[in-house]
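Both of the next two complexes hold chain A, though its partner changes from chain B to chain C.
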Partner chain A sequence: MPDVTKTPGTAAESAAETAAAAGEAAVVAAPASSGKPRSLWSDAWGDLRRNPFFVISALLIVLLLVMAAWPSLFTSTNPRNGDLTHHFLTKPEYGDVFSADWFGYDKQGRSIYARVIYGARASISVGVLVTIAVTLLGGLVGMIAGYYGGWVDSVLSRVTDIFFGIPFFLGSMVILVSFSDRKVWVVASAMAFLGWTQIARVMRGSVITTKQSDYVTAARALGAGTGRIMFRHILPNAIAPVIVVATIALGGYIAAEATLSYLGLGLSEPTISWGIDISDAKDSIRDNPHVMFFPAGMLCITVLAFIMLGDAVRDALDPKLR
Partner chain B sequence: MGRYVARRLLQMIPVFIGTTLLIFLMVHWLPGDPIKALWGDKVPDPAQVEALRHKYGFDLPLWHQYWNYMTDLFQGNFGETFGGRQVSDVMGEAFPVTIRLAVVAFVIEVVLGITLGVFAGLKAGKALDTAVLVFTLLVISVPVFVLGYIFQTVFGVQLGWVTPNVRNSEDITELILPGAVLGSLSLAYVARLTRTTISENLRSDYMRTALAKGLPRRRIVGVHLLRNSLIPVVTFLGTDIGALMGGAIVTEGIFNVQGVGQQLYRAVNQGEGTTTVGIVTVLVLVFLFTSLIVDLLYAVLDPRIRYA
Partner chain C sequence: MTVTEKTANAPEPGTDGDKKAPLLEVRDLHVEFHTREGVAKAVNGVNYTVDAGETLAVLGESGSGKSVTAQAIMGILDMPPGKIPQGQILFRGQDMLTMSADERRKIRGRKIAMIFQDALSSLNPVLSVGYQLGEMYRVHQGLSKKEAKAKAIELMDRVRIPAAKQRVDDYPHQFSGGMRQRIMIAMALALEPDLIIADEPTTALDVTVQAQVMDLLAELQQEYNMGLILITHDLGVVADVADKIAVMYAGRIVETAPVHELYKRPAHPYTKGLLDSIPRLDQKGQELYAIKGLPPNLLRIPAGCAFNPRCPMAQETCGVDVPVLHQVTERDGTELAGRGSACHFWKETIHG
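The block that comes next holds the complex of A and B.
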């Protein structure tokens, strides 16, 4: 083995030489094939950048993430500070941009504007946490079921069917009702416990298709281990549909958290969340619709941004659907 | 065909047992004592608590409780509520209401969803298509409870077209508004799914053949295109029936419809496991049988699919 006797310096040099040679080859080949072949991902990225829906939703999401991370950038009012001299009889001062009065006050005299800003964190955290958990859990189940097939697949698929059979909202309510202090991670875990089935099914289907590819057979013939085949060869080629489903689902999970909070079974005080505020506002909707309008509006904009992002990602990764 | 149905029915058994076991464990295993909760803030009498525990079988080990529940269930006995009513009576009152609401929602979703989807799919890339896309995007983004309050305030209170709350659930006209809210999300999905398959199938060979044969456009779109494009839509619609019936909790709450959703909400909050498990059991059965019917419908829609 000549490589063993070489010093690190010469190894690096030879690597650089090879790279240079490859570069030269690429330059030579350029007129014929216009550079190196583009992967699915760089192709998708090129599509995304030119999609106006993606640009709008990405900008909105960046703004919302900044809001969730540093709410004090947007308001200096304490969202928990109730001042009954305001009460919700103080109507919004619409022209007064970014002041505490902008969106008016709720029943307990808290600034709705400040609460809407601070509410972003809980809602987005739940959505992102559930999506990550569901992708890991469902992805693992789907990967194992799809890769091994046979009785492993039968068992895992039946387990998936069982969890799929439980209505999502209903199941989350049954779990969450037994917790009195429902923090972000509690709500996220309950939702993830029931929500992983769709990803598992998509992943399983995708893995079964990818498993039959020639490069997988080649890798196995070259003696690659199960782990290497699964994570280096199958995963990168099977993950695209999962990413599509997960991105679209993220918006849905944010809406689901708000719905659970609205029913009184989602996040609990003192967490600030749009769902809780909408639930509080429902008794006074006839006389003070603005109390519900702003948190509901922010919720809709956030869900819209994530669904739009998911749509754009799907169009980019799965051109057949267009 | 018969053998296929028999095999599917057999496959349903483990899923049915698994799902009821899972919801049973979720209801009874998680912390919280529904018997003590019956006393509210008062101090419960230990002897009475024990008596009630024994009455509802909560003093038995969990597997024994599940076994008792299932053996009762197969004799048609769903158990009783804390108020002493038979759960089957409660469901007998609530299910017809929810089924009516779900049917209204389903009709709205099928008619509007498929119509929008077909027109958008035929004009893929044109202004109408974009309009339908934006419309469905907005419908998907507005959570059901927000949409419910918007519809109630606008159509019920301000315009006065319908009563804001449902007073008589046997009057179908009163169910149109809650039905539209309940079906809205699925309507958007149906429209998108139809649009995608229609615009995909427009490019298929059989469409070119039909066109070349000189068939009228109505027949090409109405028979050749629609029938072939409906398979994924029917799959979605089939699984949606169960979802509409179980997902009416929010809509029924907003519009005061006394259906399954209201009973479930009450049962979950009071920790009344028998009602929750009973209703979920029925919903799971609905879900399993609709998926079987959907699979059998495939063969009707596409004669190439045969079941041995």
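The block that comes next holds the complex of A and C.
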């Protein structure tokens, strides 16, 4: 017989060794101050803080968010100002290494540095908006399908399958081609409309697993109603994989926006976005690669940061997947 | 003040039934599970009653239908695949199986509560125990967060968790097994229900903690004058706590008896086999008795008495006729109160 009194138990979720040790210490030293209680989330936070990948990606993301919110902190140059005397100039050509425009200039003589800084807002807004919309819509569909099961599940799962079957890029292009002025929210809505299926599937699976837990049965046996069981007991336990998938997907949505803009069906001018700049640079890539290098590099760094963050969050929330 | 008085003064939904009826009466309950391989008959006509202040121990091995019966009473059976084709579950004379879902929900927790076997998996890992205890008051009585927390601390004190005030915000994994089971008990007790169903409350605990938890449960039961259904497969656990015992086998009650009578003189070969298979110090060195064979597959319950393939006393009739629960009498014919045996040869079993 396992020594139940001492083992904090296998199901002690993210309680890695540290938490287990802390739990045991708390049990032993109960009458004295047992320190701050440790929830799943505070355990996860403790893990995250010590993960260098999390620290690096979080710092990058904070930097990008600040860039998106207050681009004028980083540059005083107007990104829309073209000066044809600067046509395709690179930094070594004009000499001043410490200039404010040290990424060089594009075809129309606009500062690439300023455009990269101002491009963050559109790219990140699309990514964040799509992620929020997808999490809400997919999460709700997945929760209802998983919780009620039966015919509700059958109907919702088939609807999910239908949307899943529509190719993401083809579908968004078909939708976006009918808009001439494609602002951030238009592109984000089109992408969210087609992108929620993954979250719905993850949520459904997670809810079905959680629904079968003893504590859900126990809550029901003690008289909790449907809403309380769904949102108080199932949701906090089922949300972890959704957060992980959503964080990783955020990077993917930013890349998808750039892809659509490159194809000419994403955001449209005068919005400044990395995808549009990459698209503009494609004609001159042989002679002036620097014009594409910087927006593409920023895009890669941003996507990488979100994927790294997602991985770190997954490791912290579910150590078993590591 | 007993709970019965309280409910008599202020009738609440689901309790305006017959006050003279037993607290809980299960009548001819059948439960089956429709699986791919066929229909598994988990419960086949169970009858029992529990009164206020009384403890009924339901004894049986795994798959005998004891837990399924409890789940049917609580209304937490997964349906489908579960199905209740016939039977009644009367709570104060009202059939719970015909009530609306909302009426039943109001009884759960408030009138009938349940203690689960594995406290760690039955407590929500992401919510603090204080929150989970307080939830009972917030859901059922609409108390504020602060009041609910104060009540939670009071409850933790009542089940004797040391330093309740400091530990109220701790999470389930920070408690030891015995403490967690106390929290489960506290949750069940929160609204002072009339009936508590404890489904193997001590199985996951080690022996010393088992005794403490059982004592606590018995003490609280007396204090509140609650009915208690104690589901267990541990003959040792029941002896001190229970008033009467119902032994289940293959979804049927095969023997009922007041607790000490059963240990002294079993009237069913299955009960006798169970008692003989308890290791005893005075039989040191001898081979321990074991009931031969395996419990029946619920998809294919043997014809006649379900126990007949394993029974040392089986005769031809046992494979044909299903024995009813006979009233057990003394040799001279005086009835033994509360005793019944579903065996064709109960006389031979009890009187040798």
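Operating definition for what follows: the second predicted complex is superposed on the first by the 273 of 322 C-alpha atoms of A that agree within 3 Å, B and C clash if a C-alpha of one lies under 4 Å from a C-alpha of the other, contacts with A are read in each partner's own complex, and residues count from 1 in each chain.
Methods note: a contact is a pair of C-beta atoms (placed from the backbone, for glycine too) under 8 Å apart; a residue touches a chain by one contact, two chains touch by 3 or more.
In this text, all values refer to a predicted model and were calculated from it rather than measured experimentally.
Using the contact criterion defined above for the overlaid structures, shared-chain residue A:G225 touches chain C, although it does not reach chain B. When the two complexes are overlaid on their common chain A, residue A:L140 makes contact with neither chain B nor chain C. Of the two partner chains placed around the shared chain by superposition, neither chain B nor chain C is touched by A:V128. In the superposition on chain A, A:V186 makes contact with neither chain B nor chain C. Once the two complexes are laid over each other on the shared chain, residue contacts for A:L63 go to neither chain B nor chain C. By the touch criterion defined above, A:V55 lies against neither chain B nor chain C after alignment on the C-alpha atoms of chain A.
Once chain A of one complex is fitted onto chain A of the other, the partner contacts of A:H233 are limited to chain C, with no touch recorded for chain B. Note: no residue of chain A belongs to the chain B contact set and to the chain C contact set alike, using the contact criterion stated above. Looking at the complex, you find that chain A touches chain C at residues 1, 3-6, 8-9, 11-13, 15, 19-20, 22-23, 26-27, 30-31, 33-34, 37-41, 213-215, 217-225, 228, 232-233, 236-237.
The touching residues of chain C, counted against chain A in their complex, run 74, 76, 105-110, 113-114, 116, 118, 120-128, 135-136, 139-140, 162-163, 166-167, 169-171, 173-179, 184, 187-188, 204-206, 209. By the touch criterion given at the top, residues 158-159, 161-163, 165-167, 169-171, 173-175, 177-179, 251, 255, 258-259, 262-265, 278, 282, 285-286, 289, 292, 296, 299-301, 303-304, 307-308, 311, 320-321 of chain A touch chain B in their complex.
The touching residues of chain B, when paired with chain A in their complex, are 14-15, 18-19, 22-23, 26-27, 30-32, 137-138, 140-146, 149, 153, 157, 196, 200, 242-243, 246-247, 249-250, 253, 264-265, 268-269, 271, 276, 280, 283-284, 287-288.
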